[in-house]
Each structure stands twice: as structure tokens, then as C-alpha cells.
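Below you'll find a set of structures to go through.
Each of the next two complexes has subunit A plus one more chain, namely subunit B in the first and subunit C in the second.
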Partner chain A sequence: MVLGNYKTCVAARSTDKEILKGAQDGGIVTQLFAYALEEGIIDGAIVAGPSDEPWKPEPIVATTKAELLAARGTKYNLSPNMSLLKEATRSYGLDRIGIVGTPCQMQAVRKAQLYPIGMRDVPDKVALAIGIFCMENFPYQSIEALVEDHCNVKMESVTKMDIGKGKFWAYTERGAVAQIPLKVTHKYEQPGCHVCLDYVSNLADVSTGSVGTPDGWSTVFVRTKIGDDVWSKASAAGCFETKEIESGKTGLELVTKLATDKITKNQKTLEGRATFGVGKGLRNPYL
Partner chain B sequence: MSKVVEISPTTRHEGHSKLVLKVNDEGIVERGDWLSITPVRGVEKLAIGKTMHQVPKIASRVCGICPIAHTLAATEAMEASIGCEVPEDAMLLRYILQCANRLHSHALHNILSLPDMYLPGTDTKINPFSPEEPVRSVGLRIQRLREIAQTIGEIVGGEAIHPSNPRVGGMYTNISPLAKQKVYDLAKEGRVLAHEHSEFMIAVFRNFQKRDWAEVAGRQIPIPGDLGYHNQGYMAAAPIYGSSSMDENPTWFPERWTEVRPWDWYMGEEEITLEDKDYPVGGTTPAGEKTWPQMQACTGVPLYDGQPVEVGPRARLVQFRNYDEKGAMGLQIARQMEYEGCLYGIMEACDALDCSGKVLADEIPQGDGSLGWAANEAPRGCDVHLAKVKDGKVRWFSMLVPTTWNFPTCSRALTGAPWELAEVIVRAYDPCVSCATHMLVVDEDKRIVAQKLLE
Partner chain C sequence: MVEKITVGHVHMSGCTGCLVSFVDNYEGLFKILDNYADIVYALTLADVRHVPEMDVALVEGSVCLQDKASVEEIKETREKAKVVVALGGCAAYGNITRFCRGGQWNQPQMESFVPIGDLIDVDVYIPGCAPTPQQIRNVCIMAYLLLKGTDEQKELATAYLKPLMDLAARGSDAKRSSDACGCDLMYDVINQGLCMGCGSCAAACPVRAISMEYGKPQIERDLCIKCGACYAQCPRSFFNFDVINEFEGITELITGVME
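Then we have the complex of A and B:
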């Protein structure tokens, strides 16, 4: 069950050229939110928008397609999207909220819905939660060090960052591509990520990521009734081009392998922490 | 020969209070003492030494029914002390909050006062939780009105209870155009409901005025025509919002305010000589027990021009709308007359609000210790907070809350009424006792005596 419960799993990409242009892979999150906004399924979406510093995301409440487009692409560092969840129901005046986030953020959304302490009138307003695949995340200073010091590229010049094929990639405006092996990046990871046992956002309505599909496509798990409803309506409306996901080594098998790897690796951290110190191990957050 | 009866605790209002009544042979109150016995919150002492930003948040915690009034009064008292001008859009947001708070509070109070009332044309008392019509739809309407008000409070204030958005210097955030539209739509829906509802409620109270008797403890108690009449004055700072020492023409005057200790105001020790086991709920205090109002009251007695005054809906209407109806039902009716004003207030403020306008003052001075006060017209009346802020820290803080003003006034209004109807009079004031308690008087042996701490 490393991939969680899901109704369907497909390879997909947006049919909107504009979305695809700046998207990380298949533009699934942007396209799905854009469709949901247009159809009134959501009033707005909490996404990782641009900030004053290059590649530092800032959570924003996007209520137009233009704002969604500005937030396209993966930024590989922390975007505290949950921090806007309550505010979205308050001064933003949303009744139906879309939220995108990493697996841990999806856990937070569900926890907030289940135990709404300090979250009065929030639980019933989460209309669509989209999760992304996540192996680990980086603080902003880490990604700065990786790009500026290891890749030797100025942050401002980077047009896209990517992790794939065992490497961290930084594409620049003038076509130069810098790459470093992933093992270099490990020490820069956020330590908190090493206790996470979720790779594919098991608790989201729809989860998506690049692993398992060719370049320019995304793997999509449709997990819940809400997710299925939105996904099938959006597909029927022609928002997505879909194809069957490969079952072979580059397809679902790879997703399963990476998910298993993450869980096995982080399980060790958890076990290590349980006996950390003298007679005062740290609690396993999953128990 | 007069007898003493004690109703403790009184029910169907916020907080914990009791009535000690001296009655004549006919059961008519000759002297009534209504006093707070809620444990002291101690907010005023907690506030000392805290930053001016913390204190309004702490003051808000004194009660969950009008936290908005306390937040706004305390925030504006700080602003008045440091001399900080608040941007207009921030004031509009506060105005919306103020109206929302009054709306939800008045609707809540209807639930508390309806069980004393009769369905017009019948001898059936109203149970607001009854599944039967017409009461059912009234109950639902009350809940919807409260929901509308709380949602508006939540959008503008950040939280329905204990608003997080107001701050010294303005507000933390403005609201989005979408949120403004939502507030406006809710107010529009509420306006229609409030109109229907206030008409219904006024009809119910008028019906009670016309009745000859009300049933209490299985007996038919005659209702006097002057139920709850008093000859005290009224005090109100504004029809809706309030006033502060920053105003060009302030409408509240600290120099007219004095305070008397409960020891000098309430009755001395008395033995209870009248008892009624059937009085709801659970009967009155058994005969033979002792009661000592001057020792047990935990509020100061504030006076305005040396007299107790009434604050609240009627005080506002008397001062600003030429309202002149006296008595308990006059007060109840005044409250219903305020319903629609809240919703029009919200809509007007929405019209004037610029969603991209600045809501925080450019400069927030740290204060030089001068006295600032803000009188906020809370649902139950004028809520005055006084503060002295120096170097960003609160050096002195005092809350003069509505029900504190009403305690001695209402006590006088009890005279001449049958003691069984005393609670009906008390409830007309929509008492909110917990915030009214701000004084604990103890001696060296920690016994409660009249020793003023509030200075």
C-alpha cells in the first residue's frame, strides 16, 4: 500500500499550451485548479506563488487564472501553504477552497478537518486538495547553496529546476544546463522530511508528480470521490490529454519503487529516533 | 413586616448573579439588590506591564459574547492613550464588526427572554426550542441571524469569537473584494430576516405588557403596569459605535464618573425569611440561611453625576432617537428596534470601504503615560475602557463594562414589582455578568471585605 488508496491512475498532461509552457511537467495542478475555478467548484486556490526573492515561493490565494499561471512550476523549497487555509475563509471570503501541497501538507489539511482546533468553520470549506509527490524538501538557503554554489548559476538566471534521473538540474535563460548528482543534495535536505512515510500524497483528493511518466507528462492518482468527480468532469471538458500509465520499469513500478525506498529509508530514521538519547526516545509521529 | 427572599443563582443570562429582595406582605419588592457573584477575572491587573498590543487580546477574553466590543474598546483606549490616528478603512472594518456583534448578541438574548413570554392570544409560554410552529421558524430565524452575524465577524475580524484582526493602529488586514461582497450579501439576507424578527419580537413583548398575569411557580402573578420602571438617567456615547478621548467632541466624560464600594451600596447581612420551593429552577434559597450582599457583590458601583445610570439599547435610543418608553418591556422593545440598524450599518460601511485601502497607521507612537479612554457601545450598553500606556507598555487599565452600570439601576427598577417577576426585569437588561466582575475585596485574613483595589 505504498501508493495509498486510489480509484484510477493515469498519465496526463494539460491541453492548454499556455499552462504547459511554464509547468513543471504536465501542468496538472494549474489546469485542474483553473478548471475548478472556472466551473465554480472552488472560489480560489492556495498555491505557491512568486515572492520578492527568486525561486522563493510565497503562499497566495489565487482567484484568477492569471494568478494560477504565475504560480506554475516546482520551486523545491518550503511554501507554508497551510498558513493561508484559515485566512482564506476569513479576509479572503472564500467558501470553497482549493489547496495544493506536499504529502505532509495534505496530512495537515486532513488533520485540520478532523480536529478543527483553532480552525472554526474551516473543515467544510476545503473543496479540492491536490497533493504532489515529494521525496524531501529544502529550506530556501539550501536551494540557494545548491544553485549558486554547486551548480554555479545565479538564482535569477534559473528558468526551471528539476529533480530526475538521479540528478538535480538547473536550466538557465541562455540555455546552459547545470546538473549535480542527488547525493550532493542530501545534506541540504530539511531534516524533518526524514520521518515522513508518504511519497505520493496518500491523503489528497488528487495527487500528481512527474515520476512514472515521460517528460512533459504527469502521473495522476485520483483518490477520493471529490477528486474523481472533478477529474472526470475536467477530462470530459477536454482539459487533459490522458494515456494509460506504463506498468513497466519506468512507469508505475518506478513510482512504487521510489515510494518504497522513501518509506524504508525514513522508517530507519524513525526507529533511530525511538532510541535516541538516554531513555527518552522521540515519538513516532505516525503512531 | 417585610420578608427577605433570595434567588440565587439567577438564570437565563450570561454569568452568575443573584437577587436579594425585601418584600412586603403582598410579595411586592420594597428594596431589591441585584449583584454579581461571578468569580473575578482579574483582567485589569493582568494587563499591567503587558504590551499595548497584548492587552486588547487579553481584555477580549473576559467574555465570549461581546469579545468584539471589548477588543475594540481596549484597542481604542490604547490608541487614545498613545495618540494614534487610525486609517478610515480600518475604522469602517471595525464598524462592521461592531454591528455584527450587536446583531448576534441581540438574537441570542431573544432565546433567553422568550421563555418568559406568551404566544400572543394564548396562555402558552414560548419554548424557543419547540419543534412546533410558529416557534420553530422563529428559532430557526434567530439561529440564521446569529450565523450571519458570526460569519461577518469571522470574515472581517478573523474570528467570530475573540477577533484577531483588530490591532492597535488599525487592523492587520483589509478584506478582499470577494469577502466584501459576501459580507454585503449576508447583510442583505439578514436585513429581511431582522425586519420580520423584530416585528415578531415586539408583538410578543407588547402582548406581555397587555397581560394581567404571568404564571410563575404554578401561580398567576399579576403584572403591574409599571413593571421595571425606574427614575434613573441614561448614558450612551453613540447610536452605534462609540467615542474616545481622541474625538474632537467626546460624548463620554471621565470626570463625571465616580465609583462607590459595594460595602457602601448594598444591603447588610440579612436572614432569609421567605422561601418558595416551586420557584424555577429548584426553588429559592431556603429560609433561615444568611445572605450578605455588601460583602458578596464583586463589582464596584459606578455612578455618573453621582447617580446610577442605565446603559444599553434604550439608553441609545433615548439619547439619540427620542425614544421614551419605560419599564422592562420598553427596554426589550428598544433592543428589537436596533436590529435593522445593525444590518444597514454593515451595508453602508461596505459601500464606503475601499478594499485596497490602507488599514494600518504609518506611525504608532509608544505612549507617554497619558490617560486615554474609549467608550464603545457594546450590545448591552456603553463599555468604557481606560488606559495609560507608556513606552509601549500598559501602566494602568480599567474596564467599566455595561452590566456594571446596570446593576444598581436595575436594582432600583425592581421596586414595586412582584418578587416572582424580578428575574423578568433583570433579563430585560440582557445582563452579561462575567465581564462586569472586576473587583475582589479582601482583608489581611483573605476574608472578603470592602477594600477598594481598583486604583
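Then we have the complex of A and C:
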């Protein structure tokens, strides 16, 4: 159950060179949205676009491929994509919304659909929710500290950030690669991540991440009927190169291990919170 | 034809926006009325002058303490209804009526407006201003399944309604008085180390009092009308995996029921 319900799991990457160039991994998110946009399955997608500060994402409603391309790549800090979900149906006038997000944002999407307390006319308009894997996220200022103080590079000179193989990586324009061990990054994490019980976006239509596949490829879980429909059509249209996911130590087994580790650790945090202080406790959102 | 439930709309001090929102289900409203619910009381819709026995009372608006008829009517509603639902921010939390200080023609002495939970126990809250047609629809369907469904459906309805009942229990707690504010995001989410920066709260706010600054809600407290939508929408206020994990099935169920 740590990987959620899914119909299929494959290794995949986009067949579009332009998408792959600036994508984080296999360009799954950008490719799937671009296809859905072209086919009218969605009218636009909420993605983490660029802002006027380097590496600080700004949620945007992308309605063209160019806007999707401009939002490629992982920003390791908060992009409150849900903040545009209602607005997308209002000033942007979308009837079929795409949205990408971390597992917690996929949870937010489903809560908004089942409990649309402040989400008038939104539930039926979510047409494609793509989730990304996520171990943790950071406040913007944390990423600034990690990149500028620990990695010793300027935010604006960084061309890609990545987390993998036990390290945080910052690649720069001039080809330099800075890396720090992940244990340095832990204290900078967003506190809310420590009660998070989902690693692979269990509630998305399609979810994807880098873990479990070789560099430049992505692990993809196709989860819902909606997801299955879009994924099959996009694959049939030649959007993706796919291969079987490895079951062994660098494949699905690794995904399962990381998911289990995350959930176990955070369950412990929740238990600790229940008796935090002396005869007191902190709130548990899941009870 | 399956047996229907009986529903009433009880109008306290509210603007009728909640009722309009219910009606904004359009064909869905007719579907509900044809198959699942009979409206047995509603000033604007049914010619009944006195609160009758009913399964579900949807109460809109806060109670004016200086209006004896309202005070009596809310008490009677508690006696006559199996399930009392606070429909919308005013009934649940006082909402905009919290700011009333009287002086308004033609009853200038009427100045004290309280959420219904200050006078009676409430079973279910539907926060928001206005509450959304889809949330009202979902509560109606679940109330129907709870009262008339199969055992399995009753179980689902109970699980679905639980967080809305928990909000009501909290609101009807005399020690606390019902209160809602953008500050809930500070006290009960961020101060508790639970916020993960999704932005649901900002999307939910009807008066745009919330903006996201570096991934966290920034609340313009002077704009807040105290409707309770932001906190209730936040995935870190309540998140019931047993229900939300089943989103695909439940969405199909709701669509099926409304067809």
C-alpha cells in the first residue's frame, strides 16, 4: 500500500528532444500536459513557472506549450499550485484543468473535490492531476542557504538542482557541479513535511519521479481511469519511449524501500507529537 | 421509488445566499427533490408556517438574541430535526454578522448575533460564504445514504460526515464558542508545524484575504469575514484517508446518484 493503487508502472521518457532538454528527468509531466493540451483533454495546466527571483517558483496557468516548457524542471521549494485551482476556472475560464504537484498537493486536489468547502464549481473541472514523488520540500530561504552558503554558488548561476544518490546537487552554467550530503539539508526542511505519509503521489491520476529508473528516465505509475486513458492515448501517439521497470534493488524495490522509510519515519514523528510537551500534545490532522 | 428523507431550510439571520447556493445545483436540485428529499419547510419554497418534524434541518444564518421568534425557532429546530446542519459561515461561525453592532432600521435594538452552536448542539457544519453547491449536494447525498442506504452506504456516509461533525462539535462547545478566522491557519496549522504550502486556503477564501508569500499563507485579517472556509479546506486541518483515498469511487457514486 505504500505505493498506492496503480494499474501500470513503467519506465518512460519523452520522445520530444525539446522537452527533454530542460526537463528534470524523463520530461513526463511536461510531455503529458503538452499532449493533453493539444488534444483538448485539458484547457490549461497549473505548473510551477518562473518568477522574478531565481529558483523561486510562481504557480501559473499554462495554456501553451511554450509556457509549459518555461516551467520545466524541479524547484526544491514551495510552489503553492493549489492557490490557482479556483482562479483557473474564473479569470482563466478553464473547464478542464491540469495540475501538477507533490503528493500533499494531490491530497489537496482530492480533498477539494470531495469536500469542496471553498471550491465552488471546481470538483468536476479537474481533468488531469499529475503527481511527482517527494521525500521533502524546503522554504525558499532554506534553498538559498543550501546553494549559496553550503554549495558556495550563486542562485542565479545554477542551471539545475537535484536530489539523488544521497546528495543534494547544484549544477552551474559554467559546468561546475556542487554537492553536499543530504544529512546537511535535513534541518532546513519544511516542518510540515515531517508528518507527510505519501512518497509517490498515491492520489494522482498519473505519478512520476526519478527514483527507480536510470538517469534521464522516469518511473511512472498510472493510477486512475482518467490517468490510464490519457497515458494510453499519449503512448499510442508516440509521446513516450517506454521500457519495463526493473524490479530489483535500483528499480521498484528501491521505490518501495524509500516510500516505506519515509512513511515509517513520519509515523514516528506523529506518535511523538501526540505527547509533545508535558501532558500535552500537538494536533494530528489524520484523526 | 425509494423512500425519501425530509429536509427543511430554517432561515435565521442570513442573506439567503446559502439557499441560492443550494438551488444553484440546477438540474441536480430537481434530481435531489425528485428522488431523495422532500422539502417540508422553507419560507421561500414551501407554504408551511411552523417548524415541522424533519430528518434534516439546513439552518442558514446566525441567531439574533433580541429576536424572540428566532430564538424559539432555533430551539424548536433542535427538537424537531434528527440532524441539524449549520449551512454556511453565519450559522456555523457567525461570519459577517459577527461585526454587527445594531443601529439598523427598522430594528435598531437588534445587535447581538451568534452562531447557532451557541444556543443548540449542531450535528454537521458546512463552512464557507457562500457554502458551495457541490458541498451542499454532497452533504445531502450522504445524509440520505446515512438514513436510507444499505449498511455499506451508511458506513461510507458516516465516515464522510465525520470531519464535518467534528467541526460542529468543536463549534458547539460552550467553552470555546464558535469562532472562525484566517488566524486558524496560524494557530492550528502553521503554529502546529503542519503547513506544507499547498495554497488551498488562498483558493478557498471568498474575499481574497489570503495570499501566498514564499509558500505560506499571508492573511489580511481586516478583510477576513470569518467564514471558516480556509481552515476547513486545508488538507492539514482534517485529512481522512479512509474517505479521500476512495476519491475515484466516491466521485463515481455521486455522479451516478445525480444522473
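Criterion: the second predicted complex is superposed on the first by the 284 of 287 C-alpha atoms of A that agree within 3 Å, B and C clash if a C-alpha of one lies under 4 Å from a C-alpha of the other, contacts with A are read in each partner's own complex, and residues count from 1 in each chain.
Here is the rule we use: a contact is a pair of C-beta atoms (placed from the backbone, for glycine too) under 8 Å apart; a residue touches a chain by one contact, two chains touch by 3 or more.
Small disclaimer: the values here were computed from a predicted structure and weren't measured.
**Student:** Would you sort A:T63 into first (subunit B), second (subunit C), both or neither based on which partner it touches?
**Tutor:** first
**Student:** So in the superposed three-chain picture, is A:D43 touching just subunit B, just subunit C, both, or none of them (first/second/both/neither)?
**Tutor:** first
**Student:** Would you sort A:D121 into first (subunit B), second (subunit C), both or neither based on which partner it touches?
**Tutor:** It touches subunit B and subunit C both.
**Student:** Classify the contacts of A:Q107 with the two partner chains as first (subunit B alone), second (subunit C alone), both, or neither.
**Tutor:** A:Q107 contacts subunit C only, not subunit B.
**Student:** Where does A:P54 make contact in the superposed view: on subunit B (first), on subunit C (second), on both, or on neither?
**Tutor:** Neither partner.
**Student:** Between subunit B (first) and subunit C (second), which, if any, makes contact with A:G22: first, second, both or neither?
**Tutor:** neither
**Student:** Using the touch criterion from the header, give the chain among subunit B and subunit C with more contacted residues in subunit A.
**Tutor:** C
**Student:** Examine A:L94 and indicate which partner it touches, taking first as subunit B and second as subunit C; both and neither are also allowed.
**Tutor:** A:L94: touches subunit B, not subunit C.
**Student:** Touch check for A:S83: first (subunit B), second (subunit C), both, or neither?
**Tutor:** second
**Student:** Which residues of subunit A are in contact with subunit B in one complex and with subunit C in the other?
**Tutor:** Correct list for subunit A: 87, 120-121.
**Student:** Using the touch definition up top, name the residues of subunit A that touch subunit B in the complex.
**Tutor:** 43-44, 61, 63, 87, 89-95, 120-121
**Student:** Could you list, by residue number, the parts of subunit C that touch subunit A in their complex?
**Tutor:** Per the touch definition, subunit C meets subunit A at residues 21, 126-128, 130-135, 138, 160, 163-164, 188, 192-200, 202-206, 212, 214-216, 229-230, 232-233, 235-241, 243-245, 247-248, 250-251.
**Student:** Where on subunit B is subunit A touching in the complex?
**Tutor:** Against subunit A, the touching part of subunit B is residues 151, 154-156, 158-160, 165, 173-176, 178-183.
**Student:** What residues of subunit A sit close enough to touch subunit C in their complex?
**Tutor:** Those in contact with subunit C are residues 56, 59, 77-87, 101-102, 104-105, 107-108, 110-124, 137, 139-141, 190-197, 202-203, 224-225, 273, 282-283, 285-286.
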